[in-house]
Amino acid sequence: MPTYDALREECCEANRLLPGTGLVDLTFGNVSVCDRDAGAFAIKPSGVDYDRLTPADMVVLDFEGQVLAGTLRPSSDTPTHRHLLQAFTGIRAVVHTHSRHAVAFAQAGRPIPCLGTTHGDYFHGPVPVTRPLTAKETGPDYEWETGKVIVEAFHDLNPLHVPAALVRGHGPFTWGASGRQAVEHARVLEIAAQMALATLALDPAAEPLPPHLLDRHFFRKHGPGAYYGQPA
Amino acid sequence: MPTYDALREECCEANRLLPGTGLVDLTFGNVSVCDRDAGAFAIKPSGVDYDRLTPADMVVLDFEGQVLAGTLRPSSDTPTHRHLLQAFTGIRAVVHTHSRHAVAFAQAGRPIPCLGTTHGDYFHGPVPVTRPLTAKETGPDYEWETGKVIVEAFHDLNPLHVPAALVRGHGPFTWGASGRQAVEHARVLEIAAQMALATLALDPAAEPLPPHLLDRHFFRKHGPGAYYGQPA
Amino acid sequence: MPTYDALREECCEANRLLPGTGLVDLTFGNVSVCDRDAGAFAIKPSGVDYDRLTPADMVVLDFEGQVLAGTLRPSSDTPTHRHLLQAFTGIRAVVHTHSRHAVAFAQAGRPIPCLGTTHGDYFHGPVPVTRPLTAKETGPDYEWETGKVIVEAFHDLNPLHVPAALVRGHGPFTWGASGRQAVEHARVLEIAAQMALATLALDPAAEPLPPHLLDRHFFRKHGPGAYYGQPA
Amino acid sequence: MPTYDALREECCEANRLLPGTGLVDLTFGNVSVCDRDAGAFAIKPSGVDYDRLTPADMVVLDFEGQVLAGTLRPSSDTPTHRHLLQAFTGIRAVVHTHSRHAVAFAQAGRPIPCLGTTHGDYFHGPVPVTRPLTAKETGPDYEWETGKVIVEAFHDLNPLHVPAALVRGHGPFTWGASGRQAVEHARVLEIAAQMALATLALDPAAEPLPPHLLDRHFFRKHGPGAYYGQPA
């Protein structure tokens, strides 16, 4: 029986990064990481403090939601993570936080507009906000339906180009190629949200970055023409 | 003669949590914890720094306000705590802070609206603000009257479902089943207040969470159907 | 020849408190402490980092501005401190900072209104802002004239009841019975300013604390009827 | 072959100051320092964490952009730094950050107005914002063109009197006589931006500092008549 050691270690390490980022209070945040070949993902256990998490505490599930390893109860947000990992096949990890400025946009039901290059370096356009869930969607499958409305918001968006979404009235989810990268996206999302809030306070009609500038910034960091950072 | 060791220890520990939460400046905050069987509650002494508090410094009083143990003067807010502990029989501890964003709502005389799930996970609806105290109520029994207007604000609210109130022009009181939980409620209240302020800056007419979503979040954490965290 | 050791020590200690308060950036802040019997006051040297200040670095001057002890150049704000120490005979220490929210009110040319009890516990009414200095007052005696417009703003105010002022377009000065107390007043002023800003964001027409509540709070901490803190 | 040891050391030290200032997140910031006699400048390598930077990691280039020393890829913003170091012959160092409040002004396309003495102590008037770059300027020479629009914004400004600019939709650049001083200017710019934002929230029509007060503050710190700090 596989023990998923590497997966649990990566997942544990990424979860333990959260408090140091300033993005999470109490236990309001969680990271999942998947191994597509193994058909499994690891996720934080529910309501456990970050600083005493060990790899063995991580719960491993398959993509149908059956527990494969671990004795603790997984995060109550597990079905949302599972939905995103299923639907966005190009990603490996998902992060959920209640970071304060991103939550403000989610609570106001507004996408985070792309007002500058800090945003554009990571997100190729506005970060969408989901439609409200109906009363029926807020039933027993609530967390699964939450994943569904996120995916719905990406029907004409590339989740690799905009690795983040806001769930209306709730907060942000981000994703990436690794636990560490998904956490980085959660950090930049919060920074971009804070900057957008301050910008809109100065000018409620602030204009988004023009497409040529957005493309320049996003693609100097992503894709074949990227020239930011050191060659691999 | 009882020495109330366990009560004083819990009370001291909860008071000492306060500075680390970022909720209190100087000595603007205090925690009380009661033992209903013993007919007694412990509270912080007035104007003493948190980092040198010991359990022996805690003042123990009965529910009529007579000192049972301790040599220091109790917090000047003691009658407010005593009133709340008397009136809300389902609680064990009360916290008072001047946390900045919650105070802003108290100073504006506005309840903190329930705009998102961070709020709804802990408070089943808006956090009420008291009516202003009259000149007469601001006399020698001022702190006792402060408790009274809080209780008045809960005439049709369940204090176990909304474990917090704002005293108009003053600041927040929270409560809970233990010193530690009451402090947790004070932390979440401040976070919810900060998020609400930022949300209202984006949209002054932001809508509260719909009832179905509020119920889902509050009751996934509270009551018989709760599924957040680990089984006890 | 006197060496003013106690005075310099108190002054040095109070200056060294500043960075830990979060009120000052770089070297934007200074404390003076006076000994009225000795006819002398000590003040921070100009442009020196707080963490390497020693009592011997403090510059001691008489009330006419003559240096009595010390080899460094005193703070460029020395004439303002000297003016306040001369005019407000009931105080012993003065603090100047550029704390950010208090500066915002100074830059907006608005007094900090007394919107709640955090403010009212320390300041018996709004914290006044000076009139703008004229071009002539901004000449060679600029720092002395700065003291003068502060004193002018107190022509019908008791500086012991409102131990703080905002210099228009500049920032706050506070004072007290000791270096440590004047720093405490600087801290509370900044907190009150931050709370006022957030309150005015929620309600631009927020009402000041009614007089009965202001009196209750200020006088439970000050004067013969005070009952906050421990008996001396 | 010269090794530029002193230059790299100063540049490395200044880059390593950045995270402690709170001005940069992740790797969003960089410092360059030049030696005009040697016709060379050193700059941070692209995408490398600050806490593991060593002087040997600094990349040294000439003013035409040819690498003189170093094996890593220089910051992607190198051509902007190079342009500024070429055009502003009185400076020795350039800093770029995405500090949050300065970015808000850049994203709103507004200069930072000089609303108080904190600003006026360092910047003799408003900090200008560039015009938007055209689509053509956002081509392969984008970073060089970014330098060009900054210089354009200074056609009637003295860069030694206003050692900072905002690139529209992007963020701040500052400069100075040393790496350390350019970082100090980046810190004060962010503080001034935060104060300006809060001031404009209180009064959207807040008035700039009158010229006599601005002159008094700027020139008490700069030029032959300066009397702030200790004599050299």
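In order of appearance the chains are A, B, C and D, and numbering begins at 1 in each one.
In this section, a residue touches a chain if its C-beta (ideal position, glycine included) is under 8 Å from a C-beta of that chain, and two chains touch if they have at least 3 such contacts.
A quick note: this is a predicted structure, and the numbers were derived from the prediction, not measured.
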Rigid-body rotation angle, chain D and chain C, from Cα fit (steps of 5°): 90
Same-residue or different-residue interface between chain A and chain B, half as cut-off: different
Intercentroid distance (Cα basis), chain B paired with chain A, Å: 33
Intercentroid distance (Cα basis), chain C paired with chain A, Å: 47
Contacts with two or more other chains, residues of chain D listed in rising order: 201
Chain B contact footprint on chain A (complex, rising order): 25-26, 28, 45-48, 72-73, 76, 98, 100-101, 103-110, 132-133, 135, 138, 142, 169-171, 197, 200-201
Interface residues, chain D side, partner chain C - complex: 115-118, 184, 187-188, 191, 194-196, 198-199, 201-203, 206-207, 209-210, 212-213, 216, 220, 227-231
